[in-house]
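So that you can tell them apart, the chains are marked A, B, C, D, E and F in the order they are listed, and the count of residues begins at 1 in each.
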């Protein structure tokens, strides 16, 4: 039995939903970051599945770009978290709501 | 004890305590030392010291949030024994170091007050276990100075021969452990391999590989064994080849240079101010060697150089040790060639036991023999300080006699003890990994530190 | 058959990992959950013949990005920090409610409506050429070369920025 | 008496100079301990290699003797300076401001004899545990003995 | 997929697995013996002839020893970490062709665990997975020194994997000029290294057609990178005994420790095998078909492969016995300022040169 | 290229030593229990109580050894000899003689102190026991038998090489200052335990000759 593309879409949707919930529920900046990665992965999965279903390699190319951009984002984001932590010794975004250095 | 016991089935006899009695109760000095549960702050301060600190974390409230405290030792594999360091880290950088010692303290200065002057070398030889002969020599020189005797030239030459060889063996251990602590595993084995040839010679001469009890007040315990010249010549022939190997292995090795150059720097001023002696001082460029400044055992008769470092980093300390091995071997060669003939103990019945055969012939000799081995020889009252250049620096012995057969007070100026004060300076603002290289290059012997 | 089994297994793994990311109190366990999800998704890529993307997913995401996460977690020592205090009191029930509604909506859409998620392709490329390195590389370096260069530039700038951020030390007052 | 010591001798009249087996010994009154050390450092004794003490119990009027060994590298000479401390609350001035390297030595003397050094930055026990009671190298501190085990010793007398 | 095919696949995997286990047992012994020889010692000599069975004895001992779990350990990850170390180590070697394909009946059996068309990428992926074992072991032990080791491992792995990957890329670029299109399959890379360089100049016909010759720089970079990647001296900061007491495996004992140990030696062998495959022509070598019995000829490629691999394994041991350890910042400097720029420059250079040779100058 | 040659220089050292070890020229260790190293004559091993050639015990129970021991590890009690069946030539003999080997520091002072050379040190050095009681050597373990062999605490120990005792020597020569003309050529010490002859103390010329010959 072949797996329908819809199944992949459903899985991706579930992953995205979990990621979004985590984004909203957690206060730890690092975990929130990971939730973003979860959501990006969900998107990637839809792209791959759609590309497979539509027989279009551009889906994979798009995933490739997303991967690179995600890597860049993580690099910068983690650097920011580290430098914030140096100042405030906390990774909870609630504590960082003021835009004071 | 008359019945024969068979080997296979031996009864387990009761173990009994004998030979020693319960120590007499000694009232302390006007109760000055007792401390009760309820004491005033001032009394507690007197008893415990000015800074009553937690033994584990001396400074929990670090001023700077980014600093963390890492406890290194006393069971760390490369703190050279039971040295404990409290490192105050800022990331990977050490900001403050506090050496904490005393884990190997065995009260040898107290023990020395219980042992006669002739038993003394068995005690002091256990202090610096890498250079036992130097410890014995310092003690013997102090006793001889109080006695006002001069040992025969052959004894002096033997003392120099063995102590200089001991310096070589001790430096070899320092090189070996320094190499290993930076990660050069083979250097460890190589250093110990060459040390082995020297220890074999010591074993042949003194019967023991370390803790020899060989150099004694009044001379040395025994003449050099037959064939000693061959052994020493073999060592002298082998060592230069091995030193060349060390140089090939480490001297220009880029990783070794990167790990040691500019690491753990102690400047000349700091070294002098903190009382560093020996190779640690000379690596900073200070030309100070007790063998040149206050010659002992006739070392001024022999030619040798005092190698100096430039900036006092780990590399310089390593180089100074290598050069000192070469110089020591030079001395050994000269001593070997010029070994005088004659007695190796002072010919004084009050200090040296009589010849064995005479015990059977002369009642007087028998009485001397008994007296020397039971109560030992008496040393005139007085105080003196004798220092030798041990592989780690100035090894001094401050000896006070009140006219009895035991020292009234024996204090050892341990070079490692004072050298250890240079560690925080050398390690300030360096990386964690440099700690190891620095400790190894300072070459502390914990037996010497804690005594 | 194999594909279904793999999908079920890896899908469950991905979901379990995702739930761990959100639920775990310790960020290291969150990272491990993310690792599980990433690897499961990578396998799903392989199932769909996207070999290159799967490999890159593991190398870049699991190998570098997540390692970086772990590095930061250990470096700044937040692994013991637990976020328990809640300032927006209604947020959690609200999120739960909205999520439930979304799930209901999606389920209803799937069950009741005759909704075709993705129209199947009429002609399939042979498996052998689909998703190999060459197959992905050709569009990447022809049609998308501008975007490729742009991302390269982005990555360089990001790296430089990160170094600048990390190297910047505020002068202590 | 070498040249550098002569200037010391004239400046400090209370100091008793001795020659102990050919070594220079200066017996310094306790009040002048710091000043004498400073003058000695000025006079060329760059290094203080050792600080120790002797407990004379009741054999001498002042129970403790504190001994510091100075070395002059430039002149290649040694000087031993000795001062005394009383039975009760023995205390002398610390030499650490002059030679930071005597810190360990003074801590050891404090640890072993209970002599306090005024002005020492960190006068804590160094060799003995922090909660150790008493000062082991004092003569009234009994030397402990470890019983030695034997098998037959109880069967004969 | 027929049962025969399935059987062949199973046989390939089991054979590769078995080879790896045997070789690892010998490797541990060989390291101890070689390092002992370099240090004027005898080394293991009591278990079996020349102490060959020393590894087995040690393994048995460790197997029966208690596995101590520290009180402060995070139990789940603490238990998981040793497995995470072993699994990628085994999987990496599955990619390596360790002998010429054997024809059994009418089936051609390649002596290789699996021949993926993205073989090299798979190797990179698995070696990047290997770091998790170290990091998690260090973190979950709940003790300071292992944690330091774990933190060091992350940075080290990221840096040197980049260098390793870049060195691989230049090989791939070069390989693309040697046949029809580029390839990431290791069996294909090996196949393209058969023969000799006689076509460049007749005098080179004695030089085997290994990638080593045109890719010497990449080989050196790759060698340094794999030594760092396997956390071996002089890059063994992760487990630096003198500084970190043992690094990430300080708190491990018994079988769990044995698994880390096993993984380290498997990694050494796999990485050496990959180096031999990429640069030294893999199993290529004279088989003397006809001159020797058929069975011997069939076994010879495996022998060549093992020989080449052991040359590189020996370099691992040799370095360990000789060199001091780098400091952490020096390691990073070497990685980021030395190896990675050099690898990038070399890729650019070789790409230009091979582009010229392949397509001619752009103005033509 | 200087860097490379520096590395190669270091690598060459280890490689050369490896070849040397394989060929045997650089090998310095021995497989210990199978192959024991030759110990020097003055080696300080475990103690032994000697007998005269006629089988009499040398120990006279004077307790000098116990008195001189810095570690207090010797326990001796003397007893009057039975005149009809004497155990030692003197008036008294060592009735109890025990050495606690856990305490002993092998300094050799007991050997030097003994006026009759009753206690000497051998080349035996394998002392390990599984309990503390076994480390207390009594007269049975210390006193050699009439054939000149030393009883070992664990004769069934496969690692014990009793033939080592043949070369056992005393530390005692140490206390005899040679070079005093009156004692040249006088037999000072028998060299091996057991009923053997004493070899004469070397003359100063002989010592000098030996030391010059090397």
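Miscellaneous remarks
Assume a residue touches a chain if its C-beta (ideal position, glycine included) is under 8 Å from a C-beta of that chain, and two chains touch if they have at least 3 such contacts.
Note that the structure is predicted; figures quoted are calculated from it, not measured.
Common neighbours of chain C and chain D (chains touching each): not present.
When chain pairs are compared by their number of contacting C-beta pairs, A-C comes first. Geometrically, the chain at the heart of the complex, using CA-atom means, is B. Averaged C-alpha coordinates give centres for chain B and chain E that are 48 Å from one another. Between the Cα centres of chain C and chain E there is a gap of 29 Å. The distance from the centre of chain D to the centre of chain F, with each centre set as the mean of the Cα atoms, comes to 42 Å. The mean-CA centres of chain A and chain D are about 70 angstrom from one another, to the nearest whole unit. Contacts with at least two other chains are made by residues 86 of chain A.
Chain contacts: chain C has residues 52, 56, 64, 68, 75 touching two or more partner chains. For chain E, the set of residues touching two or more other chains reads 38-41, 321-323. You'll find the chains touch as A-C, B-D, B-E, B-F, C-E, D-F, E-F. Listing the residues of chain B that touch chain E in their complex gives 70, 76-78, 92, 179-186, 189-190, 193, 249-250, 253, 255-256, 258-259, 431-436.
Considering their complex, residues 3, 6-7, 9-10, 12-14, 17, 28, 39-44, 64, 66-68, 70-72, 75, 95-96, 105-109, 112-113, 115, 117, 121, 132-133, 136, 139-140, 151, 155-156, 171-180, 183, 186, 188-189, 201, 204, 207-208, 210-214 of chain F touch chain B. Residue ranges on chain A touching chain C, taken from their complex, read 1-11, 13-15, 17-22, 24-28, 30-31, 33-35, 37-38, 41, 44-45, 48-58, 60-61, 63-65, 67-76, 78-83, 85-87, 90-92, 94, 101.
Taken in their complex, chain F has these residues touching chain D: 72-73, 75, 77, 95-96, 98, 100, 102-103, 132-133, 136, 138.
The touching residues of chain E, counted against chain B in their complex, run 35, 38-41, 144, 148, 233-234, 236-237, 240-243, 245, 320-330.
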